[in-house]
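Next, two complexes with chain A in common: one pairs it with chain B, the other with chain C.
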Partner chain A sequence: MPSQLFVSIVEIGCFFALIALGYLIVLYGAGFFHFALGPYAMFSALGAAYWVTASEWPLWVAVVAGVAAAVALSVVTELLVVRPIEKRVRGEELPSLIAVVATLFAVSQLAGTVFGRKPFPGQPWMDFEDPIEWGEAVIGGQTVIIVGVTLAIFILLAAWLRWSRYGQWLRAVGENQEAARTLGFPVARIRLAAFAVGGLIAGIAGPLFSPKAGVNFESGLSYSLFGFIALVMGGTGSIWAPLAGGLILAALQIAASYLFGSPSLNYATLIAAALFFAFRPEGLFARRVRH
Partner chain B sequence: MRQGGSAWVEPIVTLALAIAAMAAVHGSPYLEAVALLTCTYAFIALGMYLPFIMGGALSMAYNAYLGVGAYALALIAGRSDWDLAWSLPIGMLIAAATAVLLGFATRRLSGFYLAAVTLLFGIAFTTWLVDAESVTGGSGGLQGLRVPVFAGRPLSNSTLVMLTILAVWIVALALSRLRNSPFGVAVRARRRAAIAVESCGIPVSTLTLVSLGLGAAVSSVGGSLFAVANHAILPESFAVDLVFLCIFMPLLGGQDRPWGAVLGAILVVTFTFQLTFFKETGSLFFSLAVLLVLVIAPRGVLGYVLIGLQKLWKGTRGGETRHG
Partner chain C sequence: MKSKAFKLWKSVALTALAASAVAALTFPAVPARAQDKSPIVIGMLEDTSGGASFYSQLTAGSIKVAIEEINAKGGVLGRPLKLIEESDANNPSQSPALVSRMIQNGAKVILLNSGSASAVASKKTLSEQKIPGLAPTNIDTRIGSAPDQEYSFMLPNPITDIGTIYAEAFKKMGVKTLGVISDDSPTIAGINGLLLPKIQAAGVTIVAQEKAPLDANDVTAQIIRIKEKKPDAVLVCSLGGQLEVLFENTLYQQLRKTPRFSLASIGNQPSTWKLAQPNALDGLVYAASIASNNPRSAALSKLLTAKQGAKFLGLTAYEAQGYDAVQLVKQAIEKAGQDDPTLIKTGLEHLSGYKPSFGSEKFTISFNPGKHIGTDGLCGLVLMQFKGNKPGAPFKTYQAACD
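After this line comes the complex of A and B, so read on.
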């Protein structure tokens, strides 16, 4: 494969990894797959692109606004949709799943209504005068930014989970909410923190990656799907697992479309997901329980 | 409607509504087109009703089953001199077989995992429609389909609309009956207590596969209908977004009965295509309405209408006994 493709694998892999990390945080804190994370990333990316081109805001203001919108959407989803429904159905999974799928659709439609239904190119955060040459490949400024920001987010999140009070409590709540409530953990607030952090990560991931592939109001669904598959591939046993999952999925997609043409990207994803779900649903990095 | 002795109320009332719908759209080509689209959606929603609402399995590849029905008709129209009516059983069989195979491959998955894999299947299917140009005509689709012959004459749009509304009525009524049959009860029990069903000697996995196959067959009828109504098909008509609209139809209309799926289809078409007031924001209003129903009104529109009617019914009966 041409070495430029490896650069693409890293870029796309980082993006999938961030969405998967968002899933993981919400999963830890609320025991719940937050399918609407993809549309939050899309909303943030589309919003930032729209505000820069149509409203002529400075890039960083637009990006901050987009990220804030993603966090707000995620928090609102927990408060107005997920929490009331979980309270009503008590333990049945399907109603929450349907509700979050409905949220996915609603956020996409909201973005289409507010920002319009045409695709936007993303705005790069940084450009080099002279791109780095690496063999035959050329590494541009945005690539460096993507890798740097992704690693920074992963390191910060690992530190947050390990050393902050809420981070430490997160897993206790996700594992068993009833027990955590009995022990006096502020369950509602911890869940809310998980949704906010999930929205924050997705909100950053969107405008970070959109300069590479553009964005439109329907991008959210594939973001959600690919992020979820990256999460399942990596497993939920380690905070770093999403990074592995994202890179593997990206490598698979790029290799498939290079070798067999672009339609096989979707076929390969389907086959890989089906195989992983069937034979290794716990992912590559599962938590081992010692006997 | 659940009281004894009223077994005829449901078919009679709904048939009356179906005939009223036929009369309402008759003669207006625009309303007929709207009715056909509504019926297409109704078929998908009814197809999803059995495995999804009753069985609790969120399998999302319904755009593929719809596509199978449509391409079956288009291919028979373009590449054979068979009667187009053959596309119905052929499409239904292929769709059911696809659903059973996909269901078998995903039999251990539930919830989010099942939704994700079946969505990917739906996406891969649309990719294949564009990719396999020699079979499907690629991104240009299949154009200029011949008009089906019905009772020795070319099928007019008005006749097609009436037949279609009648077919929706039959399928919805059949599903409503199926719901209360032993099979239907087992499918519904599976949603909450799969292990209990299994321990009664009913193989849950077979139950699921049968309901997935039946549902896919019903949805494929909608696809064939879509192809006939448009005389042409394009791959983008079968994109996954369609599935979202279709999941929400029975929820919005009301989960308690298959008629809710039909009502949902009517609401969707009204929201997204009909009301010029909403224009582009129709789908946004629709999705917000769905969220609202999910959060505060889980029985859907039909559920509350029926509760209201039942209260009214009891009120008048109570009045009668007091008089007598």
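After this line comes the complex of A and C, so read on.
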């Protein structure tokens, strides 16, 4: 396969990995599948693009504002949607999951209302006048940024989970909230931190990736779906599992497009997801429990 | 007795006079149309959010300027024009219902300002409801051709003319093999069905034909598949916008030395040029419609600069064709003498030799009962070439002459 395709796999894989990582963090800290992270990434990207092109804000101000908006949306979702429903239904997950799926559509429509329903171009964070040549492949500035930021997020998060107090508490709360509460952990605060960190990761992922192909208010659903499939493939057994899942999913999509033409991309994704659901639902990196 | 009879006649006469006065106040004696100041409603089917929105909104802007200008001068037949709008998001399955809605809301003419597929999908509705529709920017030949074309008109050179011009350009350049990359929109599918056979008929072999979805994140695989076939040139068929930028960026990376051609999209969407990587558009040839020798283009450019300020990024085919479409509708209504849609349609069919603000200086637009495609020759099209990421000079290898 031509080397340029590997560059594409890395770019797309990093984006899927970041969305999947956001899911994983909320799963760790709240035991909950936060399906609305895709639209938060979209909202951040669309907001940043809108503020740069229509309001002529400097890029960094617009990106920070987009990320802040994504964090705020995630926190509000926990406080006003997930927590009240979980309190009411005590132990049942389905009602809050349905509510978050509804939130996914609400956030998409909110973005369309606030920023308009026209597609917006993403704003590159960096570009090279002369891109880097690696064999036959060409690597642009934004590609370097995508890889660098992705690795930095994964490394920082791994360190946070391992060595910080909140990071260590996160997993305890996610495993068993009642037990954690009994032991005196600040469960509500830890859950909120998980949602905030998930929103932060999604908020960075959106503007990071949108320079490649732009963004519109309907992009969030596909971000959510691909992030979810990346998490299914990677599993939840390691903080690095989403990265593996993202790269595998991206490789499947790019290889299918190259070998069989672009219509096969969706079929390849569907077949891969079905195979993992059927034969390896825990993903590649499963959590091991010592008996 | 005489005085009783006189009193009776007097009261009858007074009653009749009073009744006449009431009738005169309620039902004016003068015919309605001469005193009618109500707006003439024009409907506009547009795309505000889909794949065609990049150019649909440029056209909508100049349509609104044209209507504002006409109303400021007293309107048409002493009546203002009123624009009502519906967006189909470039989804042709929505178009007939939205066109019907505008007709129900009083539209006497419909400007078809979404994708070509939307215009084609609207033809039957226009024909059944006998409301004329004019597509200012769509290039699908089927809009102005049978079946159901009785009430459908189109302004610009159709895609078959672009095919003719590119076929001639390829012949002059010695291009024998072509790679084609397209988006998967219904509009481009329809356009390719008319364009590519024209190019093939001129002896060019299409060695690779790839597609990408409108929301594609990456097109490297498709471009590499084209690269492997080593075409003499590559043609990009797209609605434009970010996807075409993605196509051009990737082509620049992978096929820098291969001549590239585009339809009328990216070249006429100035807001997308700065999104391309540095120099990614350099050398790209596209079908423009603005010629430096057309004084009407310069005049319109001045008007739009005054009206739109910094929002106006330079005159493109889209703005010029939108403006001209409104002028043609105005002339058709004046010919009709009233806002009856069937008479307006007949008025359009009798417009001849209109000098538009796009195309070469000698280029004209005419319609007749058997000709609903307005262009009178190929010189409504000008092949332009990018220098860096901005349009440079006309393409030296070939330009269409005015008939």
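What to note about this one:
Keep this in mind: the second predicted complex is superposed on the first by the 289 of 291 C-alpha atoms of A that agree within 3 Å, B and C clash if a C-alpha of one lies under 4 Å from a C-alpha of the other, contacts with A are read in each partner's own complex, and residues count from 1 in each chain.
In this text, a contact is a pair of C-beta atoms (placed from the backbone, for glycine too) under 8 Å apart; a residue touches a chain by one contact, two chains touch by 3 or more.
On a predicted model such as this, the values are computed, not experimentally measured, just so you know.
Superposition model on chain A: chain B and chain C are shown accommodated side by side without a clash. Legend: residue contacts after superposition of the two complexes on their common chain; A:S257 is shown touching chain C, with no touch to chain B. By the touch criterion stated above, A:F195 is placed in contact with neither chain B nor chain C. Shared-chain residue A:A102: touches chain B; no touch with chain C.
When the shared chain is aligned, chain B and chain C each come close enough to touch A:G112. With both structures placed on the common chain, the touch criterion links A:Y50 to neither chain B nor chain C. Residue contacts after overlaying the shared chain place A:T269 against chain B, while chain C stays out of touching range.
Distance between chain B and chain C in the overlay is 5 Å (nearest C-alpha pair, rounded to whole angstrom).
Residues 112, 117, 218, 222, 261, 263 of chain A lie in contact with chain B in one complex and with chain C in the other. Of all the residues in chain B, the ones that touch chain A in their complex are 56, 58, 105-106, 108-113, 115-117, 119-121, 123-124, 127-128, 130-131, 191-192, 240-241, 244, 247-248, 251, 280-281, 283-284, 286-288, 290-291, 294-296, 298. Taken in their complex, chain A has these residues touching chain B: 33, 35, 80-81, 84-85, 88, 92-95, 97-99, 101-106, 109-110, 112-113, 117, 218, 221-222, 225, 228-229, 232, 261, 263, 266-267, 269-270, 273-274, 277-278, 281.
Residue ranges of chain C in contact with chain A, taken from their complex: 48-49, 53-54, 57, 89, 184, 210-213, 215-222, 224-225, 241-243, 245-246, 253-254, 271-272, 275, 277-278. Remark: chain A residues 2, 4-5, 7-8, 11-12, 15, 53, 112, 116-119, 121-122, 127, 129, 131, 138, 140, 209, 212-214, 216-219, 222, 254-255, 257-258, 261-263, 265 touch chain C in the complex.
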